[in-house]
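First chain A sits with chain B, and in the next complex the same chain sits with chain C.
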Partner chain A sequence: MAKEGSSDLAKREQRLAYWLLAPTFLILLVIAIYPLFSVFYNSFTNSVFASTAPTEFVGLQNYRGLLSMTIRQVPPRLDESGQPIVDPATGAVQYESAVTVLPREPVRFRPVTQFSLFGTQFVLGATDPNFIRAVWDTIVFAVATVFLELVLGMIVALIVNANFKGRGLMRAIILIPWAIPTAVSSQMWAYMLQPNRTGFFNTVFWYLGLGNGEIPFLSDPAWQLPSMIMIDVWKTTPFMALLLLAGLQLIPADIYEAADVDGAGPVRSFFQLTLPLLKGTIAVALVFRTLDALRVFDLFQIVLGQARYSMASFTYYQLIQNRAMGYSSASSVIIFVVLSVFAVAYMRSLGVKSDDH
Partner chain B sequence: MKRRYLAMMGLLIIFAMVLAACGGGPATPAPAAPAQPAAQEATPTTAPAQQEAAPAAPAAEGVINLTWVGPGPGAEFELRKEQVERWNAANPDIQVRLIEGPVSATDRIGLYLQAFQAQSTDIDIMQIDVIWPGDLAEHLIDFYEYGAAEAVAGDFPAIVENNTVDGRLVGLPWFTDGGLLYYRTDLLEKYGFDGPPATWDELEQMAQTIQDGERAEGNQDFWGFVWQGAPYEGLTCDALEWIYSSGGGTIVSHDKVITINNDAAAAALDRAYGWIGKISPPGVTSFMEEESRRVWHGGNAAFMRNWPYAYGLSEGADSAVAGKFDATALPGAEPGMSAATLGGWQVGVSKYSRNPEAAAKLALWLTSVEEQKAQALAPSSLIPTKVELYSDPDIAAQRPFMPKLLPVFTSAVARPSTATAPQYNETSNVFFSNVFEVLTGRMSGADAVATIELDLQDLLGFEVGAP
Partner chain C sequence: MTTKTKQRINRILLWVLIIFMAIWMLFPFYWAINSSFKSEGMLAMTPTTFVPRDPVTRDISFFLRNYQAVFTNQAFLRAIVNSVIVATSVTLLSLAVGSFAGFALGKLRYRGKTATLYVILAMTMFPAIAVLTGLYAIITNLGIPPIASMIITYMLFTLPFTAWVLTAFFRELPTEIFQSAQVDGASPFQTFYMIMLPLTAPAMVTTGLLAFIGAWNEYLFALTFTSIAPDARTLPVIIANFPSQFSMQIPFGEIMAAGIVSSIPLIALVFIFQRRIVAGLTAGAVKG
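Entry: the complex of A and B
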């Protein structure tokens, strides 16, 4: 079009286009590019939130503090004769405290997790185990929720796409969880997950003979992530279903009729017609949901507070409670990078597909 | 071409999303010296006596509006609402709007800091925890400039000193606090105990006996001992009591020595871990004050560690324990080693307020002898900071535990907020996070105190020593 425009008209049109774009660009500059630059800038300083303390440039120190990791072997605990001590009850070898094998100079590493490989015990250490755990937990949360929401959302979408009486009403009803503000639904779930029989789940489980009515869903590390995933799946499946439903409705009905005539059953027509035709929609839904899940903040902040962090609630904690503006800016930048990796990966696959068609 | 464009668009969307996630905070570059709002440069000390012109006319013209961030929803908020109604009726020229603050103190300081970072005029008056004056001093007015010297003459000197930063009085003492042991007098009698436990061993034994007995009689939900085990500032208070009452020191001593790594402290934490699932519910690791009080309030606990506010509420008409309980000093490892963490709240006025004089006037009224007496007799039973109220006949009659426990409040153990300022918040976070690891069985007491010591060395750069 205007690219090879040598004519006056084309040039004028091009100038006009720039003028018309200018307000948008200005707004972007003020509300997106300036704050972003500010976050990048702050991530290289030791700036303190809500303070008049002077700010110094500290280079990559914040990033080193967030990301430094190491793996060390944990030796077994030895008795006087040099034999490893074995717990007589469980038969498990006793190991030295992980704290003793991790380096302390020039910066101290703290244990994140221990694992066993070929009979040797290792410890993963990090200078900020909370952040490493937050990144790991957030990624596990994102993968699990997006997968479950996709499967359940697909089922829901297929159901409400079918022709039956009261379909409109059904479509409205399934959206209720999505329509409730997260702050409200999170608090609601926190009440239902109370660690005694004032909580809904503990009461129901207790009547069913599961648990002792005192399951600490929100403070036991083993239950925390599953609880978060459950809440998010409940809340966001409707949104996923809505996105998929929009895609389903674009598929013309006559190809199903043709498939029916050719003798393809419902399962076969789902896998050979619906799924391939829905690929584009699924990819868009996945991009939306994955990026959203990786940024999860409200759910973790409201339900778990400082018991366990997502990447975003860790950043919030560092900024607001710890007042470490530089450090939290650095963690924002890292979130940005993690999201970009996911986004670019998705864009690639999405791009390939749109070229196919 | 098209794909690159798509990728660019994607990145831009993420930009926006990430920025939305980090909130407005990082958007402001390093703050220069905060310019004082012009409105505030008006000469202080002169009392606000300018609004005498039209006493009867409720004209909006000339009325000063103040915003007060109050406590979270609950009994204390009801008390504050009632106070504001009385104030607004008596002072048509200064109208106060009370807003519910977050329940958790950790969230509340976050709210203040966000307002301060923006130098917001939205908040005029706020409540300040006993550990915050050092951290917030630069954003608060000096009450001495508004004639507070006389008013604080009758307060506990230690609290006035705590609230004075570089010679500036940044908070008016409002009510004090100390951890107490609440116990069921009826159940102690029923199971043949003479009085409340003096040591932790006795408490464990009594709690177990009563719990077994009550459960055998059919109360499945009964527990021996409830306290605050969620990872927040309250856990720092509880754990400090366990450790100090076992001879394990105060985490960081007054003369800036990190004293946490000792056997007594490790044993105290292991002891608390041993309670969980035995005499304390597994869910205690998500309890804050109100969660533990609800279990107690319903008559489902023999003992509770809580602040004095629970006293008046437990006497309430809806309480299952009304008339069947008392409060005393917490146990120690040995008799007489009891410790109560010093708590309490102050009133502060934001330096960025448009009407600091009116706000200071309200603050002085709120902390006056009359109002402190009223809040002591209210269901929240808040402990006065005015010495004279401890000999007040009404308080002696209706809140007998206050004069009785005066020594607990005057000798309460302070959290190391002065020695570690301005890094107390992070110090406390290091402490309660590691204690929480012990309570959830991921770390032994000995490992935890060693880790806390190392973390605090990194954070504070202090020497290490014995308590």
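Entry: the complex of A and C
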């Protein structure tokens, strides 16, 4: 901009900038920063929503309640002679009930999961197994969906980047799953996943001779997460594909022509040219999507309700159904901290250009 | 193998992939449409049918009562009105406020610019769930009505996004326009309002569309803030927990009909503005 001693003009410009930014920052202060601080503060209290009971400062009690975990060894069940009881049918050692080995005082631990290591049975106990399970499930969900979406999104992006009749139509079609409300797509898929042959999947599996036509996709814990992952992959792969497509379009076509002359096949030119050139785009897309997947709410809340939580639907449940404002605030803070790590990674991979050159 | 046959095989492979992809993307919709034309008896048939069929005669027959039920369902009709009010207001407000910020961030020079850019970028990723409890407390303490609270709180995700994408668009406008207007004696605000703003109209359409879709689909805040105000519920809340007037079981036929109806505006937007939406999405996520 003009430099000829116009410091007056520069000052005016600066003042205007501050005025123009003021409304945005004021709004964000009220709906983001202030509530964030109040959540942080509340997470150290036993505040109960819409209650007349006085709120007390409880220090880290909420965090301890959410995060306390312990690992205990589970002893095998012994018969009268002191020998471990073995199931005669399967040959598996019978273990004591996990609840008996977990501490009960001063707070009660409940089992989250059992695992065996070097022939010894262990139990992971937590004071709030629902939260620990929600965190674990959300992480598994995020890793699985983001990985599958990257692979499938890459295939979709390569397809809609190719030249064919009706490419515009195809690009519009892949936008549809992304555009419709998650509430609608969750209901659509929930109906397709009905636990009997009124559902699409059970009918098709039954026609193919897989299963008895009564697979409980949404109530059997073993099927719940895979079902969630399948729905999310359908809904979000298009978005991933569009991010990758934007990167693909930046690659100049003559690079491929040169590779073609050298006799490199399409597979080799993909792995040796496209993939390395797309590294930046992929990094950004991965972090962006991971951030999104970690805060998944709609899908879990609508399809699984209280059968199984994501971190976000656990927080919602604690606030609305349990009115446990302090407790749910602590869980919010934990989510915020986890997501911030990814957000920082995202901003680093993106970088900010602050001037116009 | 000659080059020609090789090319032909590639072509066929490509089309096989295209068709697979189209089926994968569209089949759930087909299934929803199929189910929306079935009566409860038809929905209960095992195995299920790929087109609506009469349970007795097995002839193809379309049951239209689900759509009738949906369009006479007061809660659903009110939800459409609520969704239109909320999504439109959020979009207009975000564009108005966001274009101010976008202009300052993209074109003006001032101290602390890098910091403000980082704040806006960080805010585009702000997790709504982290402030849910805090916002809910403010809203109930101040007694803000549910529709207004949705309009205000949705700015949490529409405003930073709008400001961020518009910043990128403003930055791309040639600085010469800005300078020559100033030389002609226009104040910076006049330059913004009379010259720059009209030039960004396409960008406004793009960001407006994305803000509208985001607000139309939002579920977490809507569910929380209307938990004791059924009259203020928006479409996602109604569809996730559909209040049927007729059915005792989960009324899947009606839910599918309602879902189709509330997706149609979005599908129309996607087909009309495909290019703009793609441009906006990738600008928001990729451009720095």
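One rule holds for everything that comes next: the second predicted complex is superposed on the first by the 318 of 357 C-alpha atoms of A that agree within 3 Å, B and C clash if a C-alpha of one lies under 4 Å from a C-alpha of the other, contacts with A are read in each partner's own complex, and residues count from 1 in each chain.
The rule is short, and it goes like this: contacts are C-beta pairs under 8 Å (C-beta built on N, C-alpha and C of every residue); 3 or more make two chains touch, one makes a residue touch a chain.
Being a predicted model, the structure only gives us computed values, none of them experimental.
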item: Between chain B and chain C, more extensive residue contact with chain A; value: C
item: A:Arg323 touches, of chain B and chain C: first, second, both or neither?; value: first
item: Which of chain B and chain C A:Leu291 touches, first, second, both or neither; value: both
item: First (chain B), second (chain C), both or neither touched by A:Gly168; value: second
item: Which of chain B and chain C A:Leu9 touches, first, second, both or neither; value: second
item: Partner chain in contact with A:Ile215 - chain B first, chain C second, else both or neither; value: first
item: Touched partner set for A:Ile180, first chain B, second chain C, both or neither; value: second
item: A:Ala343 touches, of chain B and chain C: first, second, both or neither?; value: both
item: Touched partner set for A:Thr315, first chain B, second chain C, both or neither; value: both
item: First (chain B), second (chain C), both or neither touched by A:Val39; value: both
item: On chain A, positions contacted by chain B and by chain C; value: 32, 34-36, 38-39, 42, 49-50, 196-198, 213, 291, 295, 297, 312, 315-316, 319-320, 325, 328-329, 332, 335-336, 339, 343, 346-347, 350-351
item: Chain B to chain A touching residues, read off their complex; value: 2-3, 6-7, 10-19, 21-23, 25-34, 104, 106, 109-110, 113-114, 116-117, 138-139, 220-221, 229-232, 277, 281-287, 294-295, 425-426, 429, 433, 436, 440, 442, 447, 450-451, 454-455, 458
item: Residues of chain A that touch chain B when the two form their complex; value: 32, 34-36, 38-39, 41-42, 45, 47, 49-52, 55, 97, 99, 104, 107-108, 110, 130, 194-198, 213-216, 218-221, 287, 291-292, 295, 297, 305-307, 312, 315-316, 319-323, 325, 328-329, 332, 335-336, 339-340, 343-344, 346-347, 350-351
item: Complex contact set, residues of chain A against chain C; value: 1-2, 9-10, 12-14, 16-18, 20-21, 23-25, 27-28, 31-32, 34-39, 42, 49-50, 155-156, 159, 162, 164, 168, 170-177, 179-189, 191-192, 196-200, 203, 206-207, 213, 234, 238-239, 242-243, 245-247, 266, 281, 284-285, 288, 291, 295, 297-298, 301-302, 311-312, 315-316, 319-320, 325, 328-329, 332-333, 335-336, 339, 343, 346-347, 350-356
item: Interface residues, chain C side, partner chain A - complex; value: 10, 14-15, 17-18, 21-22, 24-26, 28-29, 31-32, 35, 43-48, 97-98, 100-101, 103-111, 113-114, 116-123, 125-138, 140, 152-153, 155-156, 159-160, 163, 171, 175, 178-179, 182-183, 187-189, 192, 213, 216-217, 219-220, 223-224, 227, 235-237, 239-240, 252, 255-256, 259, 262-263, 266-267, 269-271, 274, 277-278, 281-282, 285-286, 288
